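Same chain, two partners: chain A is paired with chain B first, then with chain C.
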Partner chain A sequence: MLKISADRLNDLFNRIASEQTLYIPVDHEPNTAEYRKYEDGMKLSESLNTVRSAKDFFFPQTENLAEFKVEGKNIEVKDIREESGDFVVFGVRACDARSFSILDKVFLSEPVDSFYKNRRDHGTIITMACTRPAETCFCTAFGIDPTTPEGDVAVFSDGKDYFFLDCTEKGKKFIESVSDMLEDGDTSELEAVREKTRGIMKKLPLAGLKTDSFGGDKLNELFNSPKWAELSESCLGCGTCTFVCPTCQCYDIRDFNTGNGIRRFRCWDSCMYSDFTKMAHGNPRISQLERFRQRFMHKLVYFPANNDGEFGCVGCGRCLSRCPVSMNIVKVMKTLEVK
Partner chain B sequence: MQEAMIKRAAQLLADGTVNRVMGWKRGEFVYDTTPAVFTTADELEKEFVCDDFTQANLSKYLVKESRKEGKILAFLKPCDTYSFNQLVKEHRIIRENVYVIGIPGGPKLDIEKIKAKGITGILSVENENYTLKIETLYGTETMPFYEAVSGKCSSCKSRKHVAYDELIGEDGEVLEPNRFDMVEKLENMTSQERYDFWRGELSKCIRCNACRNVCPACTCENCVFDNPKSGIDQKAAADSFEENMFHIIRAFHVAGRCTDCGECSRVCPQNIPLHLLNRKFIKDINELYGEYQAGADTTSKAPLNDYRADDCEPSVVHERGVE
Partner chain C sequence: MNNDTLIPLIGVVTDIRQDTPDVKTFRVNALEGGKVFEHMPGQCAMLSIPGVGEGMFSITSSPTNKEFMEFSIKKCGCLTTWLHEMEVGQQITIRGPYGNYFPVETELKGKDLLFIAGGIGLAPLRSVINYVRDNRSNYGEVQIVYGSRSKDDLVDYQEIISEWQDDPNIQVNLTIDNPQEGWDGHVGFVPNYVKELNPSTNKTVLVCGPPIMIKFTLAGLKELGFTETQVYTTMELRMKCGVGKCGRCNIGHKYVCKDGPVFRFDQLDELPDEY
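Let's turn to the complex of A and B:
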């Protein structure tokens, strides 16, 4: 496999950044890694994952959709979208890489979301295999192998070198474009590292998490479960889980009065909020119980029902570490599972 | 401590003093405890937890819980009793429907501070003579207890319970606060430095509303930022001005009512030190109107709700604003 030694990684970053925009995860504060636009000298984060997911690259928290200018009786509608430039996201973990294929099912099915598609077409995803999973990880429950991440290019590290494997046509092109910086490498030590990681995955506290009790065919029994009351009683109704989640994809569309026109924008929304899907008659989900239930039913029942059984969760563990009251999908699954 | 609490709660359930118990429930790991209501001795025995990681302030839940049928037992740490009193004062908690047992406070631990040391795969955390012994998937780690103490406990204002029906453990004293140190540091900055500091912090905000929703001083039935009729409801900031204003408006709204419980900063997923905005208000109120601690009692008039002839004049804003 082609590789680059760890001490030359930044040379590679500089090379990529000279040709297109590069984003890498960095630790600007301890334990709060985030993606930043690469600048010379930035160091790749040592954290397992970023606080916010990588979905922002394709589905940003806010984006402008159109502008309206009103003059007299005329309304001019302006398409304000701009073609995205080519960019590379380096260091995406297997869980987040899978979240893109989940988001694709939503945004790239008819009618195609052209804003999302534009960024997807221009982005190259370089994933990185995990070597130190955290106790909050449970991606294997959703059939994800963190030692073999998806993406356009998968990168593996044995501590000394970074190995590059192309997974798509786009990835192949990318590797070709930097192949003069890469050399052939011996992967024997790498295999040992991957085997060790697989061993750790089996020992994780959540390794035994089962999904059998969930799926598109379990709608009625799960929806009507009396356990939602106790599960939701501590929920604050904030949007932390939905905003750090790599697969939460709901958004709201609003108009902003610019003073001399209207700017229509969309922004992330959260089913935990009281005005989510509010209609003329009010919010159909009248209390936090219904809102809380909606989030988990979406991931564990409605999404698989509409997408050939695929769950809307990738087991990244962000909601486990960030929920202010430590309520999360794992606790929901363990409480609702049929034993 | 936990055993004594479970025992006493079970007694009060059995003799009918209360029909529910508000406490914390054990999680998947050693640290992820969740506020919960218990109704049977069996549930208490199995799931109730009170340990180094039970940080969450339970007072705000009592707004809702005290409006339900029967009386609820709530275990409150000293800092939580200030929030409790403030909510009683504001007629948000119905006092007679709550039986308060005061329990000793922290210092509680913040798992994020342990993880910030690069410790991961955490399976257990034991406190051995103020050294934390942490078993992980990658071997045993140790770190000093005090380096893992949560932000809110490291500047504790009081170990005294200001509201309770009974106590488990000893009551403590109001402490000499070191809590204004960082506020002073910010005050001593130039306005540009201060602006840059807050822009840096507030630009991290993802508007998840966790700070607002956890805040015991934020109990409006419908927040202006959620109310489409207010004209300023927003799920996203249109620009950096709005990004700042959400937090600044919130700090103004809770001024004089914020007890400095520290929950806002504890829950922020982006680690924004939001409590510093509130502490600035507390410090200013102390300097301009005399020492005042919100939640210390349920009867006194709050400085900002009370007119006195010797109150500072509005011009103080200008005088203090001059560099």
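Let's turn to the complex of A and C:
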């Protein structure tokens, strides 16, 4: 496998950034890593993961869809789409990498969302195997191996070197483009690193989380569970869980008067909000119970029902660490679990 | 880049009809004339006035109408109030068609049909009724039961009395909630009227109206011996994208915009009761 030594990683970053836009996770405060556009000298974060997920690269928090010129009774539509530039996201974890294939099932199914596809076509995902999973991690419950992430290129580190494995055609092209900086490496220590990580995963508090009680065939029994009342009682409806979630993809479409025309944009929305389903004649999800239930039913029942059993959660643990009232999908699963 | 369904087309309002005190029917053409796109009965379109909002409306005209599309819209919110203030010549944005449709070319073919509508609920059914009238030989008996609060609230009243009631191949039964001067027709709620009419249980039923009317109508039909597999309805929930991606119009794992809006009651029965 081709590798680069850890002390030359920034040389590689400089090289990538000279050809296309590069994003890497950096620590702007301790333990609050965020993806940033790479500039010379930036240091790759050592945090396990970024506070916000990597979905922003393909499904940004807000984006413009079209512009309208309105004059009297006349309306002119302006298609403002532009081909995205090529970019590389380095250091995506296995959980977030899986979230892209979940988002693909939504945005790339017919009719294809051209806004999403444009970025997906131009982005190269370089993932990084986890070596120090955290207490909030439970990706293995959803069949993800954090030591073998998906992506266009998977990167493994044994502490001294970074090893590059191409997983797609795009990844192969990427490695070829920087191959003069890489050298053949001895991967003998890699397996030991992975084995050690797997050992840690097994000992993590959420390692035993079971998904057997969930899935597309459990629709009405889970929907009608009396336990939702108690589970949703503490929910503030703040939507933090949906915003940090790598697989939440609900959106709103709104218009904004720029003073020089109307701009139509879409932005992230949350099923946890009271106005999400509110209509002129009423609201089918009248209390936080219905909204709370919707979010978890979507990930654990509705999404698998429509996508060959695949769950809409990747076990990244962001909602566990960010919910202001410490409610999260793990508590929901454990409460609803049929023992 | 390929066309994206979220980027709308432009239509122009070429006629406005005041149907009831709070319902207007808008005729929409493409800028160059003709229709903006083709559709099937029961399908919907997203209409918008940029800067005001966008909303999903059922297309009330039949696809057999080759000249224009029509939308019957009740004034009840921000966007619909704006639409009601439009004048002829106003351009709007339009995208679609969205959703499935009443199975006029498959399951409904050759069947005796019973249409049951309440208030503005006639709008989506009118598309099917006129489609059936224009392909009359493909269907059996046709009966329409339609009711509203008052005579003035009957949508498409002119078309009903001048075309549907004159059509010897169609039975039309109208009703209003309370007695009214100048009305010598039936008085009473739609669900009760359906029971009084005691339609033959070999009919296939298409029902649309306020949720409470649908609920009691379905119960009444069951009393008469109809089964849920014989009854179709069309649903409406808040929508933004129209293509099953924005995530808000789902009932269980079905999106009303994409998997609906037309459902058979046995299909709805399998879904959670959240609509």
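As a working rule, the second predicted complex is superposed on the first by the 338 of 339 C-alpha atoms of A that agree within 3 Å, B and C clash if a C-alpha of one lies under 4 Å from a C-alpha of the other, contacts with A are read in each partner's own complex, and residues count from 1 in each chain.
Please note the rule applied: a contact is a pair of C-beta atoms (placed from the backbone, for glycine too) under 8 Å apart; a residue touches a chain by one contact, two chains touch by 3 or more.
Computed from a predicted structure; not experimentally measured.
With chain A as the common reference, the superposed partners chain B and chain C fit together side by side. By the touch criterion defined above, A:A229 reaches neither chain B nor chain C.
In the superposed model, A:D269 lies in contact with both chain B and chain C. Once the two complexes are laid over each other on the shared chain, residue contacts for A:N306 go to chain C alone; chain B is not touched.
When the shared chain is aligned, chain B comes close enough to touch A:I200, but chain C does not.
Applying the stated contact rule after C-alpha superposition, one finds that A:A192 touches neither chain B nor chain C. Of the two partner chains, both chain B and chain C are touched by A:D252.
When the two structures are aligned on the shared chain, A:K278 is found in touch with chain B and with chain C.
By the document's definition of touching, of the two partners only chain B reaches A:S326; chain C does not.
Applying the stated contact rule after C-alpha superposition, one finds that A:L108 touches neither chain B nor chain C. Annotation: apex chain A, arms to chain B and chain C, angle 90° (C-alpha centres, rounded to a multiple of 10).
Per the superposed model, the minimal spacing between any CA atom of chain B and any CA atom of chain C is 8 Å. In the superposition on the C-alpha atoms of chain A, the part of chain A touched by chain B in one complex and by chain C in the other spans residues 252, 269, 278. Across the complex, chain A meets chain C through its residues 65-66, 68, 70, 73-77, 79, 81, 83, 106-107, 111-115, 118, 216, 219-220, 223-224, 249-253, 255, 257, 262, 264, 266, 269, 271, 276-281, 284-285, 290, 294, 297-298, 301-303, 305-306.
Chain A meets chain B in the complex at residues 29-32, 46, 48, 51-52, 61-62, 132-136, 200, 203-206, 230, 233-234, 236-240, 242-244, 252, 254, 256, 265, 267-270, 273-275, 278, 320-322, 324-328, 330-331, 334.
For chain B in complex with chain A, the touching residues are 27-29, 31-37, 56, 61, 112, 115-118, 120-123, 136-138, 206-210, 212-214, 222, 226, 228, 233, 235-238, 263, 266-267, 269-271.
The touching residues of chain C, counted against chain A in their complex, run 1-10, 48, 50-54, 76-77, 80, 87, 89-93, 236-238, 240-241, 243, 245-250, 252-253, 270-272, 274-275.
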